[in-house]
Each structure stands twice: as structure tokens, then as C-alpha cells.
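As written, the chains take the letters A, B and C, and residue 1 is the first residue of each chain.
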Amino acid sequence: MLSFGVIAQILWTSLATSSYFVLSAMAFAVVLKVNRLFNFAQAAVMTVAFYAAYTLVGLLGLPGRAGFVGALVASLVLSAAIEILGLRVLRRRGASTMFVFIFTLMISELVAYLAMLIYGTWPATVFPSLFWPATLVGPVAVSGWDVPAVATMLAVCAALYAFLRLMRPGQFMLAVADNPDLAELYGIAKDRVYLITMLIAGALGAVAMFLYGTRAQVQPTTSIDLLLFAIAASVIGGIGNIWGAALTAFVLALLQNASVLFIPSEWQGFLLYIVLFLAIVLFPQGVHFRKISQLFHRLFPRRLDNTHPKDA
Amino acid sequence: MTGVLETRGLAKRFGGIVVADDIDLTLSAKRIVGLIGPNGAGKTSLFNLLSGVEKPDAGSITLDGKPLVGMRMHDRARLGLSRTWQNLRLFPSLTLLDNLLVAPRHYASENLLTLFLTPGAINRAEKVNREKAMAILERIGLADLARSPAADLTFGQQKLAGMARALMNDARCLLLDEPMAGVEGQSYTTMQKIVRDVAESGVAVCVVEHNVAFIRDLCDEGIFMFAGKMLARGTVEELIADPRLTELYFGT
Amino acid sequence: MEYFYTVIILIGLYVVLASSFNLIIGYGGLISIAHPVFYAIGAYTSALLSRDFGVPIVASMFIGAAVAVIASIALALPSLRVSGDYLLIASIGFQLGLLELIKNVSWTGGAGGLTNIPSFLVQSVGRETYVALVVVVAVLSVWLVRSIAHGPYGRALSAMRDDELAYSALGRNAIATKVSVFALGSGLAGFAGALYAHYFRYIAPEQFEILQSAAILTMVVVGGMRSTWGPVVGAVMLEALPQAITFLNLPPSVLGPLQGLLFTGLVLIFMFLRPQGLVPAGDLWRATGDKDAR
């Protein structure tokens, strides 16, 4: 059962489907890192992005590109509104963490109920059909959706990396993440940085949701499930570590796909909760990737002449 | 004479900053030790290591012979280690009296089961604690403010309140972190007397202070700390007279 | 008349849920959304024990509450050892995960629900007795939470909420306190669940989903956190309101989301316009007997 072909297929499908997991995980992780906030309102932004795309493409028949732009615009507008009208006001009032959490949770629920009222609870997709032509590359079936999805994920990751390292707003974000008070002393406007971070997270979520909605069915509560995945990845990957979250999201997607070999498909969703719970108990500070690589190098040392001990 | 609190080789660093470097300290009953040194010398960090706020990288701490490293904060307090805080840390939602009432070494009502099963014992414990707390408040002269919200007290009164709260523990070892900072006049004299009385009653006391007069009048022994190390020990007069230390204290 | 009894029973059960949740989130300062899950655990445990294993109903109800307590400790203890934020995440996972489990397993009735739960009191002594029972339990719950919150235990809770580090340095075990509060609140919810199961005789996973979490949260936040009567007012108001909407005769696909919209909208409005809730709590902790204790 575990032939090369099966393994290769699982690996490829995981890579492709991890795209939306990775992007939504990064969205959650970046807000957690910079704004120090568990942004449950991300689900609301993702829902709005999807239904904007769905309305433009699925209902109004506009081309996919219009849907993509629509999703982005909708998510940016809502993200800005949540930050400026909601989070900023609560911050000024010195609201407790609990209050802010309740706020973000309620926003996501509100949007979910609105979507239910307007669009109903039956599943929807961006394009009327989920059919994507597949070609065989060796033993692996590559769908027409896969390559653009992977390309998008890699492009966005690269863009985010470049933005954070090379562009001033990105560098400000890292400074505020590191030490917000110190950053303020250096003249960085914290509120502006918080807004930019929310906008970036909104955009990441919109792309994630667009990808998801072009491959699978979406209901008003789908984004909340995706959010749980993002939370798990961010927590396990180490709070404050965006790339840890991305990597963890990929690994979790792989686990979920591979699990179909071992457990009935109805239980796949349940697996995630078990993993989350175990991760919290076993890795409370998140997985320390650096320590793992150090451990790996200690167990498998390379000699100076670059051969493995057992090769000699 | 073995001390009440002893540390050997205590060490701690945060990244590149060494806050404790091979610290050996003995606090004995009835003696008051003063820790002096510039800001950042590691004095409060030492208190944090002793009380359990931070974990040391190396070294040992014992209280009456029992090892403290690895023991959680509340367990150390229950063994008789009590401290005050540089930034007070009174409970703003409680009155002055209530601040003291949550502070005895053992709090009968901490356990929900005892609350339900032995309400009589709870009531008795409350009564005993109340009497003890009021006695302490009388001693420090804050008895008539007992029912005031702790947040409404003046800074000097809050400082005294912090001390009073620490005294509820019936501690074996008392750590005072800058008890005199910002305190003047009557409160100052009261504080001095209280620290002396507490030590006399058999407690090992350690005080971190910048107020040299306080340290000189009160402490049996002084220790100068700098950059995490204990550089010099002796009577406070000896330390004050040492020109090297003065230079380190005020910087160049 | 039976409709009236149903409303009273629902209000009574929500008073228990809201008060016990107030204990956890208001007095304990713990962020969790898993309260409905313990309601569910109590309901399912009691229902299954009495229906499939012949356990007497009264015993089943108490066992249901006990199982809820044990489950809550299993959730809270490892999570709180890490931090309060982790409890939140773990509670979300626990809520969704357990419901997923219930839906996928046959002996719970799966997604379709559990039917034929044995009736209690109604057939032997009449509905009025059950209504009285629920009201008594509701009153006792409110009294229990109040006496805990305004007694020496509540003093400790208040201090813990203010400054957990200073609290621990005095010799108080903050984690034990939090787990105990969580366990008590969850146990009360479990008992309420059992009461629900043996009156309505049908329970299904969808009754315990996130909508319930939002509803209970709304009752506490809108009613007023950390006040005795706040959750009661919240429960009465938020049970009466949906009943009022049902008279509009809307189709269920509209009714559900509309109720949800109402809950979440109310919380948001209150959060910005009147964050202290309808019955605000005082800033200062006061003991029972103190005339200002609310």
C-alpha cells in the first residue's frame, strides 16, 4: 500500500493543499508576533474575502481575476475597520486581554451569522465548478490548481520575507514586535505599524481563502476551522516565529493528508484536535526548531571530510 | 553557625548579561544583612532567584537546610521565605486589611474543599488572621486605614503596607527590596524600628537599599554588589570607607 | 402552560450556566469558551448511564457532574501550567474536538443525537415539580457563586486577578486556585446539562456548539461580569429575547442566524457603550455582609 507512487502523490497533494494552511497560519502568526494579539477576527476577514470573490465570480459571472481583487479589497477594508474602529479604541481604553479576545471572537461570529443570513449555509465555491484538469507527472496526478497554488504560496512567502527584512514598514514591524516601547522611543508610530500588520494579515488571509474556495467548498463557518489550524500552527511553531508557523502548517497539512492511509476520513478532522492538545501538553513553548536541528547534528555528525561515520 | 538561608555558587545570566556570578550568601537569625551597589548590580535579581521568580543557571539555595532550587514560589513562601517588592505590588482591588489577610503563610480558605467541608475551621482561621493583621497594622500605625482601598494610600503608607503584608508570613527569612525608597519622616523611623524588632525576634533579614544611612544604622553586615558579583563584605563603615567601591557606585 | 414551563426551565438552566461561567471567567479571570462542552458532558453522561446502563437518574445526574469536573481538570491542569492563553486555545480545541468525537461515534447517537432519555419526575409527580427543581438548583447556584465570591476564597481570587506573581510569592498556589474554580464552574454546568437531558429527553451535538458559547458569554458580559445578579439578568434577558423572535414565525434557516446576530451584536454594542454590563460590579472586593457587596 505504501508504494513510492502513493507517497509521492501524498507529498505533492500536501504541498499544494498546504498553501492555504500556510498562508492563513502566517496571517495569524504575524499579528500574534507584532500586535501580540490572538486575532480571532481573522476568520471574519477570511469569510468576507471569500464571499466577495464568490459574489463577483460565482454569482455575477466576472472573471477569476476580478474575484481575487475583490477578495483582497474586501479583506483590507474589513481589517482596517476592525483595527481602527475596534482594536485601537479598546487599546486606548486599556481593555483587558479578555475583553479584546471577546471582541475578536464576536466579530467573527457576527460575520459568520451575517453570511448565513445573506448566503445561506449551503456550501459555495468561487468558480461554479471545482473541476481542474489533471496531468500525470510520473506516478503523480498534478491538478491544474496545484501549480498556481504552490507558486502563489512561494511568491507570497518570498514577498513577505523581503518586505519584513528590506522595506522600512516591515523593519518597523519587527522592531515593534521585539520591543514596542523602545520602538516608540525611536519615533516609530505603533498604531500605524499595528494597522499595517492587520492589513498584511488580511491580505494573506484573503489569498488563502481564495485558494481554498477555488478547490473546496466553503460555508460561513469554514474560516473558523481554518483559523483553528492557523492557531495550532502558530502555537506549535513557536509564538513570534512566522516561518515556524508556516513550516508547522505544512507539516500539519502533510500529517492530515497522510492520515487518510491509517484512519477513516471522518476522523481526519478529529486528528487535528488531538495533535493540538498533545502539542500544547508536550511542547508548551512551541517546538524549538533550532534545538531540533542542533540535536539532529549531534546525532548525525558530519566528519570534516564531509562523509558520514558509517560511510567510512 | 549555620544560616537560615544559604546560597552557594548561585549563577544566572540573561543572554549576554550576567546578573549573578558565583554568589555565596549566608543569612542568619537575628542578623540584618545589607546589599548595596549601583543599579543593575544584580541585587533585585538575587532576590528574584531566592524567592523563585527566576531559575538559577547553577548553584544551590537552602532554607533551614531544605533545598529551594526547583521549588515553586508559593512553596518557598510556605516554608517561611517572605519578601517585599521594589514596585510594591499591593492588590488594588482589596482594602489594606484584606491585602494582609491573603498573606499568612497558610491560608485556610485557599482550598475549595475545606471551604465546603469545614466552614467552622475557616471562620476560626479568619478570626485569628484578622487579629494578627490588626496587631501588625497597630504596630506600624496604619490601623485606622485598615478598611481603606490599598490604592488610596499615600506612597509612604503603601510602602509600610507592603512591609506589613510581608510580616504576615511569620517568616524565617525576610527579604526587603528597597523598603525606604521614597519614605520619609515618621514612616522612616517606624520602618527602622520594625525591621530591628523583626530581626530581634529571630528572623534572618536581608535588605537591598540605596539609602546608606539606613543601611549603616541598621545592618550588622554589608555586601557590595556589582555586575552580578559580590565584591566586598564587611561592616557598613568599612564598605563606605573603601574608595574603589565609591567609584564603582557612582561610576566614572 | 407547558410552553411557559419550558421557558422557565430554560431560563433556570441558563442562570446556572451564566453564573458558573461568571465564576470562571469573571471571578477566576480565566479565558475559556468550552463551557457548553461540560454542559454536554453532564447531559450525555447522565443520559447514557440512565438509559443504557440502568443507573438511577439521580445518581446519573451527579455522576454526570462529576465526569464534567474530571474532564475540566484534565483540560485545565496541563494548559494552565503553561499560561492562561493556552487554556483558551486548549478550550477551543477541546470544545470542537469533543463535539467532533460525539458526532462520529455511534453510541452517542452521532450527529443525529441521543433520544429516549429517561424522564425524571415529570411522569411520576408532574412537570411543576421539575420546574421547581430547576428553580431551586438555579437559586442555589447563584447563592453558591455569590458566597464563594464574597467570602475568603473570593478575596484570594481578587488578589490573584490583580497580581498573580505577588499572590504566589505570598504562598498561594495560583494554578491550584484556577483549576479549582474551573472545576467547580464546569461541574455546575455538567449538572445543568443532566437536568436538561432528563426534561427534554433529546440531546444533539449541535445544541452545544459555539453558538452556545457565544450565548453564555453574552449573558455574562451584557449582564455584568463579576456581579451576582448580572448573569441572572443576562440569562433572563437573553432567553426572553429569542422567545420573542420565535413569534415572528420566521423559517428556521433565518431564525438561527438571526438569534446569533442578536447575541453577537448585543455583546459588541455593550462592549463599546457600556463595558461594565447591565449590573456593574464594584472595583473593590467586599465580603458578604458588607452592605455594598453586589
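We adopt the following convention: contacts are C-beta pairs under 8 Å (C-beta built on N, C-alpha and C of every residue); 3 or more make two chains touch, one makes a residue touch a chain.
Please read these numbers as outputs of a predicted model, since none were measured by experiment.
Chain contacts in this assembly form an open path, with each chain touching only its neighbours along a single line. Distances from each chain's CA mean to the overall CA mean are smallest for chain C.
Chain centres here are means of the Cα atoms, and by that rule the chain farthest away from chain A is B. In terms of their C-alpha centroids, the spacing between chain B and chain C amounts to 42 Å. Between the Cα centres of chain A and chain B there is a gap of 48 Å.
In this assembly, the C-alpha centroid of chain A lies 32 Å from the C-alpha centroid of chain C.
Contact residues on chain B toward chain C in their complex (touch as defined above): 51-53, 72-74, 77-78, 83, 85, 89-95, 98-99, 101-112, 115, 122, 126, 149, 165, 168-169. Chain A makes touch with chain C in their complex at residues 38, 89, 93, 95, 97-99, 101-103, 105-107, 109-110, 112-114, 116-117, 120-121, 224, 228, 231-232, 235, 266-267, 269-270, 273-274, 276-277, 280-281, 284-285.
Put simply, chain C touches chain A in their complex at residues 25, 29, 31, 33, 78-79, 81-83, 85-86, 88-90, 92-94, 96-97, 100-101, 104, 210-211, 214, 217, 221, 253-254, 256-258, 260-261, 263-265, 267-268, 271-272, 275.
Put simply, chain C touches chain B in their complex at residues 148, 151-153, 155-156, 158-159, 161-163, 165-174, 176-177, 180-181, 184, 283-285.
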